[in-house]
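Below you'll find a set of structures to go through.
Note that chain A is present in both complexes that follow, paired respectively with chain B and with chain C.
Take a look at the complex of A and B:
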């Protein structure tokens, strides 16, 4: 079912391919939309809400996540309206509050002019963006980790918190994680904030295995500690 | 859960038993929840070993099965006590003091919610809304719903559970469900405290059948079925109910699921509707709590 649809993005009337998401269309046209839980090659998930854009007009205008919203005929999209910018800033402020140690979130917040922290910092290890879960399932064909529990207790990990037989220690989950300290850019030490690379002991060593640090591997490639 | 000195046993999982359950549900597609429910019915909880077997037998990944079983509150991953106490902490129950009821249970049992007592007798759980908000705070003890629970009742409930709800007869059941209703048309209360039935104010409606008219009083205990009527309604006949205040006929869209006669709706004070089958002697009734 190939075809073209006409959409208006930031006042620009363009024809784009049917089936594209707003995000893909906007990026194709060069309009930047920040994303966090979106990654090419993984199915869209819509967890972080960072990619919000405004669609529709007047009283019917609403915010949607562009990474999950397919383009449709006559759609009017604004990627940088006041409302979008305000929502984006708030989302970043909240993300920053739950994961202040994440380099990626810090950078995004700085780039979008978040200059204050009104919320209590939680120092979570995870923002539940589901990147690692999708990476494990869709690219690594392993399905070693997944979501568990619900609501407040929702977390990501292996079933029963023990090493999963399907895990091949590929490290893909850590590679895609935007919140994980372990991955703080080891190769660019001057940019790293956590100091993990200056420190000879990886930061996970003193933590509970399988609990913190989003590390599900045994032995872990970073700390080489067997977990039990 | 208390880990030390527990006297309740971690179930011995029988692979054939698990496979039998899986086989039963494999015919239809999906059905993971049905499988898990049945396994929980056998062992009282979902043993790790059983989940692994289910994963293998159904070709699902363990991650998915684990995700589903931890998502739902009614699935337990840990062995539970003989008696299960489940306190609703949903919004409606919460504002009516469910928190202090929970604390009372915790204190009496010496455990936190989500735990099982040392002797393996009681498990205490909480849920967020049982869908009976008008009756809150609601607590389920061994599958028995108790409405409007007060902290002073907690001890009695535990004692009753120890003795076994099964033997304590129907009386308890009735106590649990006294309802107050009003006319769905004029919202006038239909309760008549001057004419108690089963020790509770009765529900007062006008009944007409074969040109006869009279007052009918129904017990407000849900499921009780006792009534007092001024005019004779022969068994099996279908009567017409009217509100004694606005004289509107009480009719609804629903028919009785047992005898297909029309049902009379009554608004439950606090939300929801009760439908009563209009056929004399038919036990059909429906509680519709929104």
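Take a look at the complex of A and C:
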């Protein structure tokens, strides 16, 4: 199967390896494409739509997510056309409207010159990029968390909202989260996917002993107190 | 009994046809879902009892069929060979109908009458609703009891399969379908023959799949259900022919669990076909094997999208994935898979039996064949209509649909379900086919056609569809999930009087981005309701925003009620008002207290003197 295909990226005619995605090829060549839901080592998913690029020409030109689209012979890609940038700006505006507290989203929005946010402000913790779900399943072999529901009710969590037996509390899900935090419900041990220590005032300082907190990070990343 | 060869099937068909042609009168009663809901089960019970009690079984037979299409007038009884069409029948009418059918007479007062002219029709074929249609697919429904394979075979069923097995050339099958110019009836209009050709070329050592997509979820559309309920064998035959042409080894019918009658009939039909040796191993002794199983979907709208459908069949969460690879390359369990809509499969036997050239004569160039539409909304004759491609919207709405119900003029039709678009009355000369609809900013979709009159607010309509879509989006793509939510939010603001002109620009900008950046068909078309109403009915949006007025008087927060000089002080409105917002002395003009009024509109509906005005 391996071989080379010739593609045109932003006018540059290059040979890239067959089987690569557009994103990989573009990044290899040094064309920046922003993305929130892509990570090396995890399967491509195409949820955040930030990495859209324009392919094809004329009336058949369309936007596709570069993280999921494989390179094809003769493919013409534009990673920063007007259409692409317009779409990215709107996506960032939507992201800002939902998750304003995320540093990564703020930085991306600033870098793309998004100067306004015209939607009703929300404060959500999750953009449902699915990185944590894939991390848990593909790298940690746990499948402790997954998507639930559809449409506006879609969320990520453990089955029945109780601590999953397959969860080893590795924290991988929090580690990969690009924009938001899986909030720790530290006072309900059976629900523990911890994240409480990421609050500005770590619960372990104000509240009772660290042992009761179900915090599994040693030392705690917030208060840096060793366990026991 | 297993039929071991083509000749046995032909022989058996002539025996069955002879039996059916005995000249015995027959009562056909529709037992489609719509007619069952309007009470056809009771009619069927009453008829059965009467036939048994009066020992008429050898003179009159009863046939319980699937949907005939004229759902507005259900439940109905059709007599054969008279072709008298009795509408909105009640159980107590049954004895009279039986007497008339035996004597060759008519029950005059039950015959279909044109509601506007009052003209009576003695023959079903003369009724404008049926007369103006070209029913190649639906026609069979009335002649067949869906759970009796004998009926289907006697009516010429499985002749297509016979022909295919006697020609013995898979390439010929694919060429026929290609030549017929059949385009996928699921909405996108991809040429079926081309799809089959690609599947036939795929190499696979683990088998290939054919899927019948019966995950019909558009609000107001039910043609797939009616075909599955009324003529399941046509789907089975179509799939067997498809399998022969493409070398597929297994078939799946993906049907939503909300269609219990369709599942029941299909299960029975599959069983009968297997018993007769028409399905399974070594079909009709021709050495070719194919079997079909039913997979029931849990009713997610997005599972009608082919990649989501495949995931659902595999037992995973129903969410689409990026194409390529297309299902034709990697489908169910990684095997090549071709997915066609119910109506597409039902067209296959017709093409094979009549021949591709004959079929291609129906309809227009590049858009051959007939298409079934479910005509619903503010129209006199709701139901399923089957027309050749290229008929104008005007002909369908006025000649078949019978025009508007009340005084209000028809304003627009919405085609293609929630992700379709609206076509205004000024464009009703538009020919219906895949290309002209998409040029007009709408889509063919699976064939829903919702008619709207002046009492429909287009902003409210867009909001309704957007609510449907935000609930039915799978939520994988951020722009589809959040975009539909935000569009709904803006539309909601506009309908409640909180909208601004900036909102309108933002809505349009967002709609274009959502259309551009989502992955599957649901997301890409989810902006259509907004974009097409903005294109043709921008004045209604502006009226909501600038004048705080809803022209169709639908958006309650923008309405205010008042009483004019017509009021004679009858006090009817005051008694009907649940919040005591209406004051006034008897025989004096009344007044509405706007601070108390909840804008329910009850006063207006009870007033006999047109004294209550809404603005």
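The criterion applied here is as follows: the second predicted complex is superposed on the first by the 181 of 228 C-alpha atoms of A that agree within 3 Å, B and C clash if a C-alpha of one lies under 4 Å from a C-alpha of the other, contacts with A are read in each partner's own complex, and residues count from 1 in each chain.
The working rule: a residue touches a chain if its C-beta (ideal position, glycine included) is under 8 Å from a C-beta of that chain, and two chains touch if they have at least 3 such contacts.
The structure displayed is predicted, hence computed values, not measured ones.
The larger set of touched chain A residues comes from C, when the choice is between chain B and chain C. Look at A:66: by the touch rule set out above, it reaches neither chain B nor chain C. Once the two complexes are overlaid on the shared chain, A:27 sits clear of chain B and of chain C alike.
In the superposition on chain A, contact of A:119 is made with chain C only, not with chain B. When the two structures are aligned on the shared chain, A:152 is found in touch with chain C, with no touch to chain B.
After overlaying the two complexes on the shared chain, residue contacts for A:144 are found with chain B alone; chain C is out of touch. Legend: residue contacts after superposition of the two complexes on their common chain; A:166 is shown touching chain B, with no touch to chain C.
Common to the chain B and chain C interfaces on chain A are residues 147, 149-150.
For chain B in complex with chain A, the touching residues are 48, 51, 61-67, 70-73. Of all residues in chain A, only 45-49, 52, 62-65, 68-70, 72, 83, 86-87, 90-91, 94-95, 97-98, 118-120, 127-130, 147, 149-154 touch chain C in the complex they form. Across the complex, chain A is touched by residues 300, 302, 317-319, 321-322, 324, 470-479, 481-486, 489, 502, 506, 509-510, 513, 516-519 of chain C.
In the complex of the two chains, the chain A residues touching chain B come out as 143-150, 158-160, 164, 166.
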